[in-house]
Structure formats: C-alpha cells, structure tokens
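Look for chain A in each of the two complexes below; its partner is chain B in the first and chain C in the second.
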Partner chain A sequence: MTRILKGLLLPVLVLLVWELSARSGALKAESLSFPTAILLAAAAVVADGSLFKAALETFTGAVGGLAVGASAGILIGVAFGLSRRLSQLMRVTTESLRPIPSVALIPLALLIHGYGFQMESSVVAFSCFWPLLIITEGAVRGIEPRLIEVARVLNFNLVQRVTKIVLPAALPRIFVGLRLAAAVSLVVAVTVEITANPIGLGYALIVAQESMRPDKVFAFIGWIGLIGWSLNASLLRVQLKWFGRMGNWAEHTS
Partner chain B sequence: MTQPSASPILSVQNLDFTVGDLNILRDISLSVQEKEFVCIVGASGCGKTTLLRMMGGLLTPTAGCALYRGQTITGPQPELAVVFQDYGRALLPWRTVAGNVELALEARRIPKNERADIIQDMLSRVGLAERADAYPMQLSGGMQQRLQIARCMAQAPQVLLMDEPFGALDAMTRQTLQDEVARLCSEAGVTVVFITHDLEEAIYLGDRVISMDKHPGRLSETLDIELERPRNQLTTREDARFLAYRHRLFNLLPPGH
Partner chain C sequence: MKLKNGPLMWLASLGILCLFVALWQGVSHLDLVSAVFFPAPTRSFESLWDQMRGTDFWFAFQQTLTRMAMGFVSASLVGIVLGALIGLSPRVRVYIEPSLELIRPLPASAMIPVFVLLFGLNDRMIVTAIAFSSLWPVLLNTVHGFKTVEPRLIEVARILRLSRLQTVWKIALPNAMPDIFAGLRLALTVSLILAVVTEMLAGVAGLGQNITLAARSFRSADLYAGIIVLGAVGYLTNILLERAENHLLRWRGH
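And now, the complex of A and B:
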C-alpha cells in the first residue's frame, strides 16, 4: 500500500504544479489547459454520449480489422508452418509486402472503399495480419515433433491434425501474437481516423484540436489510453483463464 | 526360432537402412507370432529404435520391408500402436488425462456417448482412474507413461511397439510398470515388440529375446525364454534359468559398449 502511495507522489505533484501554474497564468492555459478542466471535459464527453459513440466507432473499426487480419494471419501462418515449401515459395511475396507501413495504405484504402468502417478495418487488418502470420508460422514449426508423430500413428487427416494437435499446441504463442496485434489495431484505427476517416476517437481528437479545446484533447487521449489498457487487460485475463490450469507448459511455449 | 509355417502377425524381411554413407541397419529378418512378447536388446546406437520405427511405419527402409499380416507397412496404421520413450512429449499438455485417452477414441470415431466408459476402463487398468481430470504436467513420470500406454491401448491395437518405455524411470517404478504391462498385454491379447537396453528387463518380460550388434545394426542371437507366467520380480529373477539367460546375453552384449 505504501509503495502505491509512494508511486502516486510524483504524478500528484506534477498535476498540482500544473494546475497552480495554469491558474496563476504562468502556463498558457489556452494551449495546455489544466487538470480540473480536463477532468470536467472528460466527464462532459461521457455525459453527452459523444465519447461512447466515438469509442464504439473506433472499437468497431479496430476489432473488425483485427478479426479479419488475425484470422487470415493464423490460417496462412498454419499453412506456412506445416509446409516449408509453401513458405519458401511465398517468401518473396510476403517479404516485399510486409515492410509497407500500414498507414501508407490509407490513400489506397480511401480510393477503394471511400470513408467509413470498411476502409478503416482494411488498413487495420493489413497491420494485424503480419504479426500473426510470423508468430503462427514460428509456433507451428516449433511444435514438439513427437506430437506430430502421435497424430500420424493415430491416422488423423489434415483437418483433424490441425484442429486436434497443431492449433492447440500453437495456441499459447498465437495468443501472445493476438495481444500484440490488438494493441496495433487500436493504434492504427486511431491513426486512420486522425489522418483521414471522419469517425471515432481519432476524429473527435481532431475536432477538439481544431476548435481550440485542449481540455477535450487531453480528455480523449486519456480515454483512448484507458480503452487500450482495458483491451490488453481483458485479453490477459482470457489468457490466464485458458492456459493457467495446464501447468507451466503454456508459459514455457509462450 | 519360431516355425515359419505359422503366419506371423508382424515380420521384417531383409531390411536395410542407410542414411548417406552410413549403414544403420543391415539385412534384418525376423517374425513375430500373434500374442508373442518379443524383446529386442542392444547397446545404445545399435539402431533398435530405428528398427521399431520402421515396424510402426514412421520410417521407410532403404531396402527390404516390414510386413503386418503379410501386407507391406507403408505408413503408420492404427493396428500398430507406438509407445514412445519420452512420454512427457508424447502427451497433449492441454488435455486432461481423460482427454488424452479420448484422442485415440476420436481417431477410432467412437461416438461421444460411448467414450466415457471406455476411458474409465482404460484408466482404471493403469491405475489412473482417480486422476482423470488432472493435466499431464501434474503427474509423475511413471503416471505419464501409464497414461501413454492407456492411450495406446485405447487405440485398440493388435501390436504394441514399445521403445524403451521405462528407460527414464527409477528402478522401483520400472518394476511395477513391467508387471503392469505384462498383465495388461496378456489380458488384452496384444502382441508386443519391446525395445530395451536392460538385459534383465528383456528376459523378465519376453517370450523371446533378440540381441542386436552395432555398426551396422544387425541381429545376433535369439533366445527363447522358457519361464512360467505370471512372472515374479523376486522368484523369477532368482531362478537358475533366468541367471543362465542373463549370463548368455551378458557375454553377447558386454556392458560399456
């Protein structure tokens, strides 16, 4: 408890100095606002429903893109992991597409989809695809060879082999990739909204900035941080729930 | 030697295995009769595991062949169950004890509502009925190997191919498991090929013991073990015939080689 209190000492001190200097006029309140005003703005966007609406839009774009990109990445990652030949055959293609920064695709996505969720999700999907492809391929290749032999001895076909042995064995590591991609998805979704798409939290930030409302800008940044944190925390919970009981196996492989 | 007139359940004919320039197995022929318990002993590196993997269809010989009921073995088949030495790696860590046995039943396409009884039966045969909901990582080494054997038996095999199954276990556990496996296999009427480097284990378990030489791996001698069953860890091992077999094999396979 005392450790938490000690840890809070610095932030509280900073906030206090910030508040006082802004109120006394030493700091330019019109560009940096001050803590109490930010807190009020954060409460106001909750009260008028604009936070909820914007958060839902961003969440839809991020999770939609994550779902599409991650499933494609896992699927192709399993195929590459099982067939070294296929992976080598596709290497030039994957290695030339992978370095493209996902935000560079925003203009292209705009041309194809116009404004809206589809365009945002497609950019998010592209950025979530790669970490899962690479992690899944590595996870599948790293599966205990003895387990593959067990599948062979039991005469499993390809589908059974993948669903009963390969995916469960690779799942702890795939899940780590999913947590990485979830963080990426939020970053990319907000970036797309800030740069192009007139929806969600990113756009709300831009509107607040253009209407010279630093308190609102800070309020939205705070909310975005909180959403990112809770997304990761809930995935971590699922991870512990799923893999916690199997002893130290899941921890070793992840 | 067993008489060639009775058609063997498993046989190996003029089998050769070469990797690059290295001749690992040379001209191996043997046959195993139904319900027979055959032990193959040899020093480490003599290729006995390789030979077993070919009988299980996990490896393809360079020349010659392995046959199951007269048919060439081209790949793994459910009638031939393989018990691996490294039990810890052969179990699915994300499945419970019961779930690991169920895997073999899924492979046999046994309907879901019939599985629970079979699982319970298999687990009680190896003394794991109480641990059905545990995960493999929570079991001792001996229990993990029992679980692997239960899974292999749930496969309803005709032949059990065991690759040094007790090599990594302590002496006490090993003796208990030897008796359990002998009982289990004779109850189920299953044929066993048992690989080991422990001469006494081979004599204690086998109806027949085949010794192997190395560089290249080849069969050297066959010993028919005429000791009554069920065998007893104390009296069988003190039997004069047991000691004579041991003497014989010891001279064929001196330790430290």
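And now, the complex of A and C:
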C-alpha cells in the first residue's frame, strides 16, 4: 500500500504544481493548459464521440498494416530461419532496406495511395515487418535440433515440417514479436496521422493544436497513452495465459 | 563449394541486391508500373548524384544532422546522468519508477503538438521534440542497467573498501554499459524519425522537407533519392554508434 502511495506522490505533485502555477499565471496556460481543464476536455471528447471515432480509425490503419507486415515478416522469417544460406544471400538486401526510417516512406505512400487507410497501413506494414522477421528467424533457428530430427525420421515434407514442428515450437517467441509489433503499429499509425493523414487520433491532436486548444491536445495524448498501455497489458495477459512460463522464456530470449 | 559466412558470401549477397535493382530497372523499362510511383533506379541515382552536386542538398543534410545530433546528445547526457541517479538509489526509485512506467507507452510523436504550441514551428521545437523523445529509451535502459548490478559485486566492492564513487565508476557503470548502449541505439533511431517528422510538419529546410516537397510536385526520382539518403543516414549513424560501443566495451571480449 505504501509503495503505491509513494509511486503516486510524484505524479500528484506534478499535477498540483502545474495546476497552481497555470492558474496563478506563472505558466503559459494558453500553450500548456492545466490538469482540471485537461480532465474536462478528456471527458468531453468521450461524450461527443470524437474519441471513439478517431480511435477506431487509428485502429483500422494500425491493424491492417500489422496484419500485412507481420504475416510477411513471419513468412520470410521462417524461410530465413530454415535456410541459413538464404538468409545470408539476402543479407545485403535486408541490411540496406532496414535502416530506412519508416516515416521517410510517408511521402511515397501518400503519392501512391493518396490520403486514407491504405497509405497509413502500408507505412505501418513496413515498420512491423522488421521486428517479426528478426524475431521469427531467431526463433526458428533456436528450435531444439532433436525436433527437426524427429521431423526427418517421420519423413515430413516441408509444409508438414513448418506447420507441425517449426511454427508450434517458435510460436511463443513469435507472439512476443507480435506484441512488440502491435505497440509499434499504434505508434507509427499515430505518427503518420500527425504528419500527413487526416484521420484518427494523430489528426485529432493536430486539429486540437491548430485550434489552440492545449487542453484537448493533452487530453488526446492521455487517451493515446492509455490505449497503448492497455493494448500492451492485455497482450501480456494473453501471452501469460497461452504460453505461461514458455512466454517468460521467450521474452528473455527475444 | 561450401560458402561460409565469409566475404564470398557477402559478395554473393551483394549480387542478389544488384539483381533486385536490375529487376526494378527492367520492370520500369517495360512500363509495367507507372514511373510516377516507381521511377527507374538509374533515374533515382542520377537524381541523387545531381542533388549531391548542389549546395541545397548539403545545407539540408547539415541542418538535419545538426538537429539530430543536438537532440540526441542532450538526451543521452541527461538520460544517462538521471538514469544513474535513479538506478543507483532504491529509495528514489520507489517514487519515480511508477511515473516512468506511465510515460513509457506514449508514442514519441504524440508530444510534437505540445512543443508546437510552446515554441511554434521552428528549430527550437524540432530539437526539443527530438531530445524529449530520445530521452526515454536512454533513461529507462540506464535505470535498468544500474539497478541490476550483481549483489556479490557490491560485496566485493565493500571488501575492497571502495568509496561510493569508486563503486559506481568501477562496478555499476561497466555493468550498466551494455544497457545504456541498447538505449542509445533506440534513441538514435527515434531521433532520426523525429527529425524527419518534425521537418515535414514545420516546413524548415532539411532532408525530411526535401522528400515531402519532392512528393508534392511528383518528382518521384528525387523522392527515391531522398529516401535512399535517409536510409544511408540511419545506416551510417548506427555503424558509428556500434563502433563506439565495441571500442568502449572491448574489455568484454567475444
């Protein structure tokens, strides 16, 4: 109990100082607002439904990109993991594509798809592809060699080997990768919306900023943080439920 | 012939990349896709070469790298010092760690509108946004590095009658170094992303603005050239940091 209280001390203090200094005029309230106004704004965007509309748009963009990028990453990651030679042959190609910052692709995606979900999803897909490629490759390569021998003894063909041995054995670590990529997808989706795409939570932030409503800006930031936090927490719970200690092990080896 | 992880394999891998580029060239020659979206690589590299001979490009390059460096370096210094202070003292940690966990899931770009409201669309906003966003990975990793010192090593320090400062310098800091560098690597990526995004938003000269302008006027060869440059910046800065890490951590051996 005292631990929780001690942890709460700093945020409460910050909020209190913020509130008082903004109200007394020591802090620029027109650009920083103050906590009570932010709370009211946070409630207001829930009440008028704009939060849910924006969150839904961001989710659509993020999930679409995550699905495409993650599946491609897992597929190629399995191939690279099974064949060290393939992975090495593709190394220069992957190493020269990977350092491209995902946001550098925003203008290109905009050129190709115009505004909307597709453009957002394609940037998200690019950024979700890499973590899954790397984690899946590592996971497949880390599979107990005896399991591979079993597959050989049973005369499995490639498809059977992948679906019956490789994927189940690599699944805990791939799930960890998916969890990380889900967080990335949300961040990238919001970033794309802030930079270019006029939909979703990121654009709501920009609109609030352009109409000089810092209370609304902070309200949306708070909601975005909360959404990200609960997404990660629920995926962690799923990981614990499905994989138990295997998940913990995967966490530390990924 | 068995190719190991040697230079021959690397050459073969480079050959594969050249093959992909040749394929891209062939596809654009056959007009299979619109040149607006996928200009031929020869045109993209020609544009890159043209840009590099002008002064505008180098001005933008220098501007972006300066902003990145200023944000990254100040974030690293503050992050390492604060992280060490927090990580070394369990008593302080109880008060601060929960707040850090609250901030962790927040997307780096979400705070940009706040800085725009505070400073306007200028260099100061950009550097602050970069520094603020790169601070968290360094800080969180440094805290982790300092709090996970093997207790037996602390006992050794006590037996050797090392002073508090000596213990920090000779035992805690080397222990934290790998974590600190992991944080720095993340921060470097974040700083490039934030530099690009904020330049796009603020419309100030830089590599980020270059690609936005190229996309807006459908100069796709220039756009690809700009993306290649940003990829190269990401790659080279990462290599530099890796070199520094290998040099500073050479005592670890491999």
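To be clear about the criterion, the second predicted complex is superposed on the first by the 244 of 254 C-alpha atoms of A that agree within 3 Å, B and C clash if a C-alpha of one lies under 4 Å from a C-alpha of the other, contacts with A are read in each partner's own complex, and residues count from 1 in each chain.
By our rule, a contact is a pair of C-beta atoms (placed from the backbone, for glycine too) under 8 Å apart; a residue touches a chain by one contact, two chains touch by 3 or more.
Since we're looking at a predicted model, the values are computed, not measured.
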Residue contacts on chain A - larger count, chain B or chain C: C
Partner chain in contact with A:108 - chain B first, chain C second, else both or neither: second
Touching partner for A:241 - first (chain B), second (chain C), both, neither: neither
A:156 touches, of chain B and chain C: first, second, both or neither? first
List of chain A residues in touch with chain C within their complex: 3-4, 6-11, 14, 28, 31-32, 85, 88-93, 95-97, 99-108, 110-112, 183, 186-187, 190-191, 194-196, 202, 205-206, 208-209, 212, 214, 217-218, 220-221, 224-225, 228-229, 232
Parts of chain B lying in touch with chain A, wherever the complex brings them together: 56, 58, 75-78, 80-82, 84, 86, 89-90, 92-95, 103-104, 106-107, 135-138, 155
Touch list for chain C against partner chain A, complex: 3, 5, 9-10, 12-14, 16-17, 20, 36-37, 94-99, 102-103, 105-114, 116-118, 189, 192-193, 196-197, 200-201, 208, 211-212, 214-216, 218, 220, 223-224, 226-227, 230-232, 234-235, 238
Chain A residues within the chain B interface of the complex: 144, 146-147, 149-150, 152-156, 160, 164-165, 168-169, 171, 243, 245-250
